[in-house]
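Structures follow.
You will see chain A twice below: alongside chain B first, and alongside chain C after that.
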Partner chain A sequence: MFPVIKGAAYTLFHCPNVLIDHGTTQTVERDKNPASEYLKKLPAHLRSFADCVAYPPNQTYIGALAAKELDAIPKPWYQNGSQGASRFAQYGEVMPEDEFYGVMKLVDSFDLVLLEAEFASEVRKKLEQHPAFQGTDLSKLQKTSDRAAIKELVDAHIAEPLRLGDQLVGCVRQAHETDKALTAHIIFENLAAMASAVVSMRQLFLQSGLDPKQVDYIVECSEEACGDMNQRGGGNFAKAIGEVVGCSNATGSDTRGFCAAPAHAMVVASSLVQSGVFKNVVVVAGGAVAKLGMNGRDHVNKNLPVLEDVLGGFAVWVAENDGINPIVRTDIVGRHTIGSGSSPQSVMQAIVTDPLDRKGLKITDVDQYGVEMHNPEVTVPAGAGNVPEANYKMIAALGVKRGELERAGIMDFVAKHGMPGFAPTQGHVPSGVPVIGPARDAILAGKIKRAMIIGKGSLFLARMTNLFDGVSFVMETNPGFEVAKPTGIDEAEVRKLIAQAMRAMATSLAEQE
Partner chain B sequence: MLKGKKVIILGDRDGVPGPAIEECIKSAGGEVVFSVTECFV
Partner chain C sequence: MDLENQRRVKEIAEKNGAENIIVVLGGAEAEAAGLAAETVTAGDPTYAGPLAGVQLGLAVYHIFELKDQVDAGVYDEQISMMEMVLDPEAIIAEVSAMRKAHSKYGQ
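And then the complex of A and B:
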C-alpha cells in the first residue's frame, strides 16, 4: 500500500543580526571592503520582528494565509502586512532571534554556544511559555557566561558573535584549534541548521500529535554538512536532531542534493514506509545562514527592505497508509536522469510528463503543482525574475506542445494549477516542499485530487559535475481501504463442506451397521 | 550570424542552462570559449 503524509510543519526564524554578521553576501563584502557603503546602509533596511510576522508571504508559509488570499493582496506585500498577524499558525511559527539563540544553546552538546547570563534568563522565561517547548528540559540555559569572556573570544576570532542590535549576548566557539571543518563559522551554521530543524520537529509533534517515540527514522535534507577534517560531510544531522527532540526509538541519515534534497528525501521516506522497513519516517530540514541577505545589495540599492531576513525550516511525517490521509504515489516519481539532457524541455519532460505518461495521465490531471516557490518580491528586484511563474509557464508550454491545452490557455493554467511564490530564498526550503502542507489540506477537504511536488537542484555549484537535478512525486486523495467482497466459491470452504458431509455419512453408515 | 564568432555563455538554471545554449551556438557555427550555468536563487 502507498504511504501517506500525516502532517507537515513550517517554521521561520527572524534573524536580522545573523544576516549582518554571517550571511555570505555581507561577510564577503566585509572582507573585501570593510568601509562598504552597502554595509553602512544595510541596518536601516532591516525589518522589525512585527513587520516580519505580518509580511503576507511569511503568513502563507506558516499556514495563516491561503496562497489564493496572498495573490489577492496588492503588491508590494511588504507595504501591506496582515493586520493582527500572529507569530503562530496552523503549520508552525515565526520565531524571534532571541528565542532562536536560546534554542541554539539547547541543541548544543559540546558547550560551544555561550550566552550571557541576563539574556539567557530572559530567553528561558520566553521558551517556558512556548507551546512547542512545554515539558522540555531548558536547564542548559542556566549555564551562562560572563559578557567580558564572550567578547574576548569574539575579539580573538575564535568565536562568532551572537548579537541583538549593538548588544553582544553570546557567541559560538570554534570546536577545534586547527580543524578547518570545525571552525566557529562552520559550527555556527551547523548549529543554526540544527536548531531550526529542532523547532520544526517540535512544531510537527504539536500540530500532528505524532509522539516522538513513534518515530522510526529521520531523513534530514538541509544544505549544510557536518563532520571533521577527515570526513568533512560525515554527518549526521538527523540523529543529532532526533536526540534533542526525544526520538529515542529512531535512527536516521542525511540526504543531500542541493535544493532537490527535500524531494529526494520524500521519495526515500515514502519508499522506506511502503516497503515496510519503517512505519513512521520524518523528513526534516533547518535553515541556511549563508543565504541570509543573499540579494541584500539589490534590495538596498532599490530602497527596499532586506526581505531575506529569515531562516526557514520544515518537517513532514510520512506514515503507513491509514485510509484517510493523502497517499504518496510512489509509482509516479519523476527524475532528471544523468542522460536526460539540460534543455528546459527535456528537464520538464523528465520531471513532469515522463512519470505522468507512465500512468496515462495528462498535465491537466494534476490539480496543483508545487515548483520552486521563491517569493518573487525577493527575486524580481535582484534580476532573477518570478521563479515559480516561470516554472508554471514551462509546464504549461509543454502541455501546449503535447496538445493537452491551448496556447491561449497558458496563463489560465498558471492561475489554476499554480500559486504565487511565498517561500524564503533558503535554497532547499522553497523547492516544492512548501506546497505539501497546503496540498495535503486541500486533498483532505476534497478541493483537489492530485498534486505534484517538484524539487530542482543546481548540482553544478559544487563543481563536481555540470549536471542539473530534479525529482518529483505525486500526492493523491486516499481511496480508503476496500472491504473484501466474496468473489465466488471458496475452494477450501467447499472441500470443508464435502469433508463434513462425508464424515456425517460415514458416521451414519457405521451407526446403521 | 554566429559563424566564426567567439561566444561566452551565461546560462540560468531556471531559464535556459549553459549546455543547452552551447548546443545552439555550435550548430550555428560559433565557437564557445566559456560556458557556465548559474543558479540565481
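And then the complex of A and C:
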C-alpha cells in the first residue's frame, strides 16, 4: 500500500543580527572591504520582528494565509503587511532571534554555545511559555557565562558572536583548535541548522499529534555538512535532532542533493514506509545561515528592505496508509537521470511528463504543482526573475509542445495549477516542499485530487559534476480501504455443493423410476 | 555574472585573443542578461569580479539572437520551450543594446 503524509510543519526564524555577522554576502564583503558602503547602509534596511511576522509571504509559509489570498494582496508585499498577524499559525511559527539563540543552546551537546546570564534567563522565561517547548527540559539555559568571557573569546577570533543589536549576548566557540571542519563558523552554521530543525520537529509533534517515541526513522535534508577533518560531511544531523526532541526509538541519516534534497528525502521516506521497513518516518531540515542576506546588495541598492532575513525549516510525517491522509504515489516518481540532458526542456520532461506518461496521465491531470517556490519579491530585484512563475510556464509550454494545451492558455494554466512564490530563498526550503502542507489540506478538503511536488538542484555548484538534478513525486486523494472481497473459492466447499447436487439428482431420478 | 564565470571568460579571451571569442548567453531575464553582456564588454559593473575594470569588448549574443544560425531541430529540442516561457524581445533588446554600446568585435 502507498504511504501517506500525515502532517507537515513549517517554521521561520527572524535573524537580522545573524544576517549581518554570518551571511556569506556580508562576511565576504567584510573580508574584502571592511569600510564597505553596503555594510554601512545594511542595518537601516533590516526589518523588525513585527514586520517580518506581518510580511504576507511569511504568513503563507506558516499556514495563516492561503496562497490565493496572498496573490490578491497588492505588491509590494513588504508595504502591505497582514494586520493583526500572529507569529503562530496552523503549520508552525516565526521565531524571534532571542528565542532562536536559546534553542541553539538547548541543542548544543558540547558546551559550544555560551549565553550571558541575564539574557539566558529572559529567554528561558519565554521558552517556558512557548507552546512547542512546554514541558521540555530547558535546564541548559541555566548554565551561563559572563559577558567579559564571551567578549574575550569573540575578540580572540575563536568564537562567533551572538548579538542582539549592539549587545553581545553570547557566542559559539570553535570545537577544535586546528580542525578546519570544526571552526566556530562551521559549528555556528551547523547548530543553527540543527536548532531550526528541532523547532520544526517540535511544531510537527504539536500540530499533528505525532508522539516522538513513535518515530522510527528520520531523514534530514538540509544543505549543511557536519563532521570533522577526517570525514567532513560524516553526519549525522538526523540522529542528533532526534535525540534532542525525544525520538528515542528512532535512528536516521542525512540525505543531500542541493535544493533537490527534500524531494529525494520524501522519496526515500515513502519507500521505507511502503516497503514495511519503518512505519513512521520524519523528513526534516533546518535553515541555511549562509544564505541570509544573499541578495542584500541588490535590495539595498534598490532601496528595499533586506527580505532574506529569515532561516526556514520544515518537517513532514510520512506514515503507513491510514485510508484517510493523502497517499504518495511511489509509482509516479520523476527523476532527472544522468543521461537525461541538461536543457530546461529535457529537465522538465524527465521530472514532469515522463512519470505522468508511465501512468497515462496528462499535465492537466495534476491539479496543483509545487515547484521552486521562491518569493519573487526577493528574486526579481536581484535579476533572477519570478522563479515559480517561470517554472509553471515551463510546465505549460511543455504541455503546448505535447499538444495538451493551447499556447494562448499558458497563463491560465499558471493561474489554475500554480501558486505565487512565498518561500524564503533558503535553497532546499523553496524547492517543492512548502506546497506539501497546503496540498495535503486541499486534498483532504476535496478541493483537489492530485499534486506534484518538484525539487530541483544545481549540482554543478559543488564542482564535482556539470549535471543538474531534479526529483518529483505525486500526492493524491486516498481512495480509502476497500472492503475485503473473497480472494478465492474454497475447493472443499465446491466439492460439497457438487455432491449435494448430484445426490439430489440421483434421488429425483430414483423417484421417477 | 558569477565570479568563476568571469574568471573563465577572461582566461579564454587572453588565451585565444578577444577578437576570436563569441560569448553566447542563456540568461532567462533581460536585466541579468544585459548585466552579463555588459560584464564581458565594458567590465563588471559591480566591481566584484575578475572583469572589474577590464574592457574585453567581446562579441556577445543571447541564444535567442542566434536562432537562424542553429540547426532547427536542435533549436526546437533545446530552446523552443523556453522561447514560450521567457520574454525574448526584452532580452534581445537589452543584450543588443549593450553589445552596440561596448563591444569591439560584435555588431
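The rule is short, and it goes like this: the second predicted complex is superposed on the first by the 486 of 513 C-alpha atoms of A that agree within 3 Å, B and C clash if a C-alpha of one lies under 4 Å from a C-alpha of the other, contacts with A are read in each partner's own complex, and residues count from 1 in each chain.
Methods note: a contact is a pair of C-beta atoms (placed from the backbone, for glycine too) under 8 Å apart; a residue touches a chain by one contact, two chains touch by 3 or more.
Computed from a prediction, not measured in an experiment: that's the story for all the values here.
Participant: A:398 contacts which: chain B (first), chain C (second), both, neither?
Facilitator: A:398: touches chain C, not chain B.
Participant: Identify the partner contact of A:383: answer first if only chain B is touched, second if only chain C is, both if each is, neither if none is.
Facilitator: Both partners.
Participant: Which partner, chain B or chain C, touches the larger number of chain A residues?
Facilitator: Of chain B and chain C, the partner in contact with more residues of chain A is B.
Participant: Should A:374 be classified as contacting the first partner (chain B), the second (chain C), both, or neither?
Facilitator: After superposition on chain A, A:374 lies in contact with chain B alone.
Participant: If you stack the two complexes on chain A, which partner ends up touching A:344: first (chain B), second (chain C), both, or neither?
Facilitator: both
Participant: Please work out whether A:430 is in contact with chain B alone, chain C alone, both, or neither, and reply first, second, both or neither.
Facilitator: After superposition on chain A, A:430 lies in contact with chain B alone.
Participant: State whether A:456 touches chain B only (first), chain C only (second), both chains, or neither.
Facilitator: A:456: touches chain B, not chain C.
Participant: In the overlay, answer first, second, both or neither for which of chain B and chain C A:73 touches.
Facilitator: neither
Participant: Following superposition on chain A, which residues of chain A contact chain B and also contact chain C?
Facilitator: In chain A, positions 343-344, 383-385, 390 sit in both the chain B and chain C interfaces.
Participant: Within their complex, state which residues of chain A touch chain B.
Facilitator: Residues 259, 341-344, 347, 372, 374, 379, 382-385, 387, 390-391, 425, 427, 430, 456, 458, 460-461, 466, 468.
Participant: Given the complex with chain A, which residues does chain C contribute to the contact?
Facilitator: For this pair, the touching residues of chain C are 28-29, 31-32, 35, 46, 77-82, 84-86.
Participant: With touch defined as at the start, can you tell me which chain A residues reach chain C in the complex?
Facilitator: Of all residues in chain A, those touching chain C are 297, 343-346, 348, 383-385, 390, 393-394, 396-398, 400-401, 407, 410.
Participant: What part of chain B is in contact with chain A in the complex they form?
Facilitator: 13-20, 23, 37, 39-41
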